[in-house]
């Protein structure tokens, strides 16, 4: 009797609190805006057929596919860095493993119906990267940020050397040639204009994003935040910290592998560049640039970074790096937590000016 | 009376310094026990050994009759041993409600879920809200922990430990650094803890110790100096000499 | 065989001088300065300009490289780096990568993209036989200079008043300030010294390593490997780590050229698996 | 600085073109665009600069009007990363509607665009990448630079004739390097010599000393070297430092290691070095003299090398092809127009093999000598009309 009533009472109190907790997972208007823009970018390519032109965007379909893929890679880093607090400088290894796996499946699976299917290729890419991620996850459990940075970098460099050495499989420095991507779902062929590549990349990236979004708003996701916040306390409340880190690292490797697979399928080759150090460094840079710990940071970082690079290298193909460097320096000096931090600071300024409609919000 | 926590000739040495010197200690169920000693007596080291943050050089630890000497912090925690830290160990970027929910999820094995929404289990949220209310944290339940007043943070520190529904709770100087005005809140919370929880209080503050503890152990230079009821200890001249006397002088 | 050992030691010594400044900023000041290589590049290019454009003696270039890089270091420390001491490591990474980009593009603009080569004075070229080993005169020169530097460095940090003040500032900046130590000044000086050493390393290495605008990025990995393997709590750690890596790299490439590239990385990963704080790390108090 | 203005102006127009891309399709008929994908940043940057300079020089000399069309050169930086090359190629084709692609600093960069150009039927002029196989990967590849075996085989012949019985090769571990060592080994062993060891150094390698020491300890008659031109400088320094000549080892290589652009800064120690290559800045012809002089004038601090001349010749081939098709930009027709094309380049006579679309040219054996206070590769022997030996 009394037990039941106590439960009732707590359940009554729990209602608003529970809603409040779950509200973090609610889709906001700016998220719809974000993905809406992505879709609009794709749709705008159809505009000329309808008799009008949209400047700037339609000419950049390939760039946008690349942004989505790099954004997905950055997203995988954000999962470990932004939520679990694990720094990694070796995500390129998983990206590359995914790329070569998908590439090899497409190359040797050509004609063999199920093997050459792009979606299956992505699954294979993710699994291959995930397995390697799991195997190396034990290396990142100990030590400081610097140790983790260097161990993950070391693994990536070794993978890069392996790719160079295993010429018979990977094609060595010249890259994996003869990757023939089959049509997506047997319907859409990869075309020269990059329509299929774009929608395919957008679909897969969104799917992975949606998955990560569920994940970080789940009890598991919050336990990762706890580990990042204070690993000692997390252990003291009985949390299996190492197991959680291994899981998220493996998952992150899986997603990076999918991203790599996407790149290999949409560009129809794989090269050692895809495993190279700069790949790992760039993607980490994009996450920090965008702002870690929001899932969107990587995507926004990738978008701004690549658009900026494209824009600057069109103006000054030889010295664009200079201006990118200046932007990075200014960003660090004047903004906290990257572009998202900048946006949040701006919106807070706006909110401060406009009094909130109801006190309950605050 | 059953023993819930026991150490046998527990020793911890850091290089040449012996921080815990062959301590044999038993804690009966339902105890209200205080562990006191002058600065540098090795109180915190002892708690770290009990909770598994440090591993002992020699000796053994038993929790509810089981040898837990080699167990990790996490395993001990799951076996019912909770603790607070002398220096707050909180999740600065989360809210008290989120913090407590994380702890409860962990206890209920609900934290493995990748897909259920955090906070979807109303029964657990209800429990969290109750616990937070009982610790006078209701007004800051959705505030960022890092922005809370120090006294509130200390309360949350206790709340996290309680969320695990422990059988043994180690409180490491729960009121340390809390302004006078907020101390009472903490004392009341500690006094109101259910009898099912066996308590070990590590304290410096003698007011708190005598108000709360039924039994007391005095630790000096890492070794158990004397044990007894609160009255016995208060009267013990040796204790006065090594510890209370010093306290009086310091405070004077 | 001895030749290989000798070459490896010389290579390692060079690595050490190049990376020791990074060890100081990272270990003592807890600042991840990935742009460390940019200071080495400054020293290297200064040498190139002085020798190839103005015909100044190589021996003058060495101190000049040290001084110019140190001045550059102190300037950047005061204007930029000092604002970042309390930022997160990630911010520091982003910042210093930005600095690398700027340095790379700037050098490219002024000097062009191709490799710069200097011609050493004739008496530093050439080789001689010693105990059956073929010794390159210049490499011997590098070993001697780097060896002297190491000894001097050990002395300054371990034995002098400046060293003890530095250690105090690092242990606890606030307490050190309370003791009347000018922490800001100490940090600036240390940073300058670290940058200067990198510049000197760049000057010494200009003829062995290739000097081109991508230098800071290309060698960043090597610096980091040295620090990771050697640990950041001592000077001797990175020193022995450099020698170990230098010898292992050279010997590996000599004896088994086909897997030469793996060796350095494998050593690093192995070391970090078993000793996450570095091979030669002193156990810290905390 | 004049160069800056040119860069800015060109970049500006490229920029404007990109933005206006969507709108200008109709007007674009009178403009023929050439997409030059060069590596302008990163370790291979030096090669990109040469290419762009060579191409611009040609346009400066010959104007931008061909067969009634205006030629527009769009320069892009691919940073030496293959997926960038591919993306840029795709964008240039789809957005800018370029009639030609050109450039490609490294073999993997060229290979990455093979599927794109085949699908889009756009000719791609290879101005550097030197692995034989490239032109077989797409019928739209035309090469105006060289292949490594093409350079190496004459060198092996020369070595065999000049008393080299045993040799060691040291090459960068990637396509062109492998081609070089294999072609050399095959030809030298056909002529009765022996390659005792083939050493491969990682492509990004700061320290050549151990590899050189190993080669030295093997005591061959000759050491064959190949690394990409931008890293040749530090390799040669270390070759000198190791004193291989003193140990009686003849150091030979393809012209990549005595790159004309860098040769001067390598110092007198490289005097006497024997290399084989298709181009030397010292090539004795009026056309080359004019080319070198005007190149230097337009690009202070630079001396044209084999990449620069390939950029120049690439533009020639494209101009001539457009003339033949009367300005029509059908890709297949343009490739057909280039097949069998024969002309005098600053390097000497060259032609495009109608069967393989690869370059046929004279390969010279040269020796580093000092002339007018500068170091040059002085040609002293020549093998006429060399085809790539690896093509069927």
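Chains: A, B, C and D, in written order; residue numbering restarts at 1 for each.
We adopt the following convention: a residue touches a chain if its C-beta (ideal position, glycine included) is under 8 Å from a C-beta of that chain, and two chains touch if they have at least 3 such contacts.
None of these values were measured; they are calculated from a predicted model.
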- prompt: By the touch rule set out at the top, what is the minimum number of steps from subunit A to subunit C?
  reply: 1
Message: By mean C-alpha position, what chain is farthest away from subunit D?
response: B
- request: Identify the chain pair with more contacting C-beta pairs: A-B or C-D.
  value: A-B
Message: Please tell me the distance, in whole Å, between the geometric centres of subunit A and subunit B computed from their C-alpha atoms.
response: 41
Field: Chain centre separation (subunit A, subunit D; CA means) in Å
entry: 38
- prompt: How far is the middle of subunit B from the middle of subunit D, if each middle is the mean of its Cα atoms, in Å?
  reply: 73
Field: Per-residue overlap in subunit D, given as positions that touch at least 2 other chains
entry: 40-41, 45, 49, 202
Message: Using the touch definition from the top, which residues of subunit C touch two or more other chains?
response: 104-105, 108, 113, 258, 261
Message: If a residue has to touch 2 or more other chains to count, which residues of subunit B qualify?
response: none
Task: Could you list each pair of chains that touch one another?
output: A-B, A-C, A-D, C-D
- request: Would you tell me which residues of subunit A are touching subunit C in their complex?
  value: 81, 87, 139, 142-147, 149-151, 153-155, 157-158, 161, 164-165, 277-278, 281, 284-285, 288-289, 292, 318-322, 324-329, 331-333
Message: Looking at the complex, which residues from subunit A come into contact with subunit D?
response: 48, 53-56, 58-63, 66, 161, 164, 172-175, 177, 192-194, 263, 267-269, 271-274, 276, 278, 313-318, 320-321
Message: Quick check on the complex: what are the subunit A residues that touch subunit B?
response: 7, 9-15, 17-22, 24-25, 214-215, 217-223, 225-226, 229-230, 232-233, 235-241
- request: Please give the residue numbers of subunit D that touch subunit C in the complex, ascending.
  value: 40-43, 45-46, 48-49, 199-202, 204-207, 209-211, 213-214, 230-234, 236-238, 240-243, 246, 261-262, 265-269, 301-302
- prompt: What does subunit C use to touch subunit D in their complex?
  reply: 3-4, 7, 11, 52, 104-105, 108, 112-119, 125-127, 136, 138, 207-210, 212-214, 218-219, 222, 249-254, 257-258, 260-261
